[in-house]
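Dropping the structures in below, format is structure tokens.
Both complexes below contain subunit A, partnered by subunit B and then by subunit C.
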Partner chain A sequence: MKAVIGIVTALALSLVAPSAWAHASLQRAEPKVGSEVSPPPQKVQLWFTEALEPALSKIEVKTAAGKLVSTGQSDVASDDRHRLQVGVGSLPPGLYRVEWSVVSVDGHKTSGNFTFTVK
Partner chain B sequence: MSRSLFVAGAAGLSALLCAAGALAHGTAGNRFFVASMLVEDPFVADELALPTISSMRERGGGDEPGSRETEISVEWAKTITPSFAISFEQAYSIVKPKGEKSVRGFGNLEVGFKYQVVKDPAAEFVLSFGVGFEVGGWGNKRVEADSFWSAAPTVYFGKGLGDVGVDFLRPLAITGAVGVNVPFKKRTSTTTFNPDKMEFETEVERHYKTLQWGMTLQYSLPYLQANVRDIGLGAPFERLVPIVEMAFETPLGGPNRKTTGTINPGFIWTGEQIQLGLEAQIPINRESGKGVGVLMQVHFYLDDIFPNSIGKPIFGAAK
Partner chain C sequence: MAGLDILALLARMVDLLAIVALVSVSVFGRPSRRIIMIVCVVAIVLPLLRLVLQAAQLADPGQFARILQLVAFDTRYGAVMLARAVLAVLLLLAWRQRPLAIALVLIDIAALSLLGHGAASSWPLFGAIVLGLHIGAACLWLGGMATALFGIVKRQDGAAVLRGFAPLGLACVAVLIVTGLLNVQIASGDILAAFAGGYGVVLIAKLLCFTAMLGLAAVNRFALLRHLDRTGTAAHRAMLALAGETILGAVVIVLAVLLSSGPPA
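Now for the complex of A and B:
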């Protein structure tokens, strides 16, 4: 039993220190997931729990009909590798779908999507 | 209650507690499935559950007192390929009859093989097949470790409801497992000397196949926050997954075919590299236990902790 407690403690302590080895999951977004916003955003920004590989991480923003409205390349912020962003054109009122796909620095791939509404 | 009945009860309870050997977290599309603690889930992954601790009371009967069985187990799962994994589980049991000395010892080693057949990210669906072996004779007979091997071929599935049209249902996921445990020995004969009658007596215990089935309902608050609606949950709730696990066992032979099992409501908190689980264990009938037990687990995602060494498949690209 003491050995078990010792091993668990050692493993748990090893996890206390910040580490870059994990799947990147979405921490928050701007516009917020499922939100209604006004005025329309100029860009979509996503914050992840892990640092991202810029070349393998992207965001696409589409209308409810599936038309791509994000402009240019997605980029990982140079001052914060947890933040991924993409510009969007002038968005008329309506529902928009954000589709993201990222690879964390340890090579794990995650993806997701959500919607927001421009009033 | 005779000793054999007590032993049978303890063995049944032990089997239920042994079913706690559930590993494997995983993703299918947007869905992250936590590693459930009682019902084996459908993913293959590099993981370590250390420890899983369960404690539950057994109802007494006749002259025999009730007892409490506590089990501490460890399970390690290793991916051989991205779709195929092998797991090892070892438990240590402490059986404490009321008013008597406790009996303790290791149970049989359990070795499992699992192959992930289908993974449909868009549908958040996964299907796997596996077989688990209990290594007979490995453990201590005092805690009723069987002297014979058994195998349990099992089908596993998981389905997230992210594709349904109702927002508040989208964070919900269902996983399940259905298998048949097949003992490799049909009966065990035990001969003892009765000094009163001055003769040897032989007791025959028959071993029957059992249907092992269960499911989980898990409502992912992380999924709600990231895919449906950011409702502003802060720590620790934004990483919490309320879960109900249900695990049952139905004998397929013999005079008593009553289903036993527990329903376990609880929570799993999932971090980037570790998850913590706590569940109540509610027996479904008298034969399944007495009162409410407890099940807890510390679980390490080895694929995230050691992505370039023991946390990746031996053959093939990492997931």
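Now for the complex of A and C:
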């Protein structure tokens, strides 16, 4: 009987346990992936499923022609280690490509990219 | 998978086996100075090797030295690996004082749990505690078995270790089941979905090995232990069952490293 109670308790606990999805994946972005925005953003912010290592995580924002438009260092928010951001200055209308490369605190590296358009 | 990734996986496996050995010698055994030396040197070298391999995996060509410095001194991974190497040095110096040695091994396991997926989640403390309990219970179980096996092979006090270990082993199994379920949920977000794809195959293999280990443990506990002092046949069978359990335990560690290295399907 104790074993049954133990297993049921474990299953119940597992249902309410948090999920990390094992490796940092992009959860959401601002500007949103594939979006058309106006006015232009002052910075690009990305939220990930795992906490990030600031020293090894970065975002680069480029024009369609490949010119770097992000300014300064990418930084992980001090109040939320899941959020990475970088400034972009003043963006004229056009298509922009966001390239990100992050290392989560468990040591796993992931990378990806997406575009957004400034109207 | 690149050669570097395979090396990193192997290093993680040997690292975990070294922790089992540390638990075995500090909690259960009365090891010789030579064995302690070997286990501690492995426990010193492996975290440092993993640090170097981690930097090599992350570095672009020509950037290794810079990335190694960043990983070592600016990341949690580096802090944990350097701390673990220092802990192993302290253990080498203090292994005669058993309470201190046990405390150092526990700190080592707690440090390692800070590098799990759970510690990177939204509930990092909960995730780290769950993983720490899982690793600790696994090391106690495997360490106890390995010590009992060594005792029986050497005709020392294997039966006594096995008897004393039985209640602790049962507690370890209970902790492993609960924390194992929680770890799968933390890693995948959905226990049932975790059984899909390649991740699911490894998970099922790990569960099958675990179940087989439970079966062998039950044979030892209920069929062989009571005859262990009286007949050589029982000792021989117990040795075979323990050897089987220990080998399966090593396979479980290999599978656990594979699970923690890749995302669920």
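Here are some notes:
The rule is simple: the second predicted complex is superposed on the first by the 98 of 119 C-alpha atoms of A that agree within 3 Å, B and C clash if a C-alpha of one lies under 4 Å from a C-alpha of the other, contacts with A are read in each partner's own complex, and residues count from 1 in each chain.
Rule of thumb we're sticking to: contacts are C-beta pairs under 8 Å (C-beta built on N, C-alpha and C of every residue); 3 or more make two chains touch, one makes a residue touch a chain.
Please read these numbers as outputs of a predicted model, since none were measured by experiment.
When the shared chain is aligned, subunit B and subunit C each come close enough to touch A:His23.
By the touch criterion defined above, A:Gln42 lies against neither subunit B nor subunit C after alignment on the C-alpha atoms of chain A.
When the shared chain is aligned, no partner comes close enough to touch A:Thr71: not subunit B, not subunit C. With both structures placed on the common chain, the touch criterion links A:Gly107 to subunit B and to subunit C. By the document's definition of touching, of the two partners only subunit C reaches A:Ala51; subunit B does not. Once the two complexes are overlaid on chain A, the subunit A residues touched by subunit B in the first and by subunit C in the second are 7, 11, 14-15, 19, 21-23, 50, 106-107. Across the complex, subunit B meets subunit A through its residues 27, 29-30, 32, 48, 50-51, 72, 74, 121, 167, 222, 225-230, 271-274, 298, 300-301, 303-308, 318-319.
On subunit C, the positions that touch subunit A within their shared complex are 54, 57-58, 67, 70-71, 74-77, 114-124, 126-127, 130, 174, 177-178, 181-182, 184-191, 260, 262-264. Residues 6-7, 9-11, 13-15, 17-24, 50-51, 53-56, 82, 103-107, 109 of subunit A touch subunit C in their complex. Subunit A makes touch with subunit B in their complex at residues 1, 4, 7-8, 11-12, 14-15, 19, 21-23, 25-26, 28-29, 32-35, 49-50, 106-108, 110-114.
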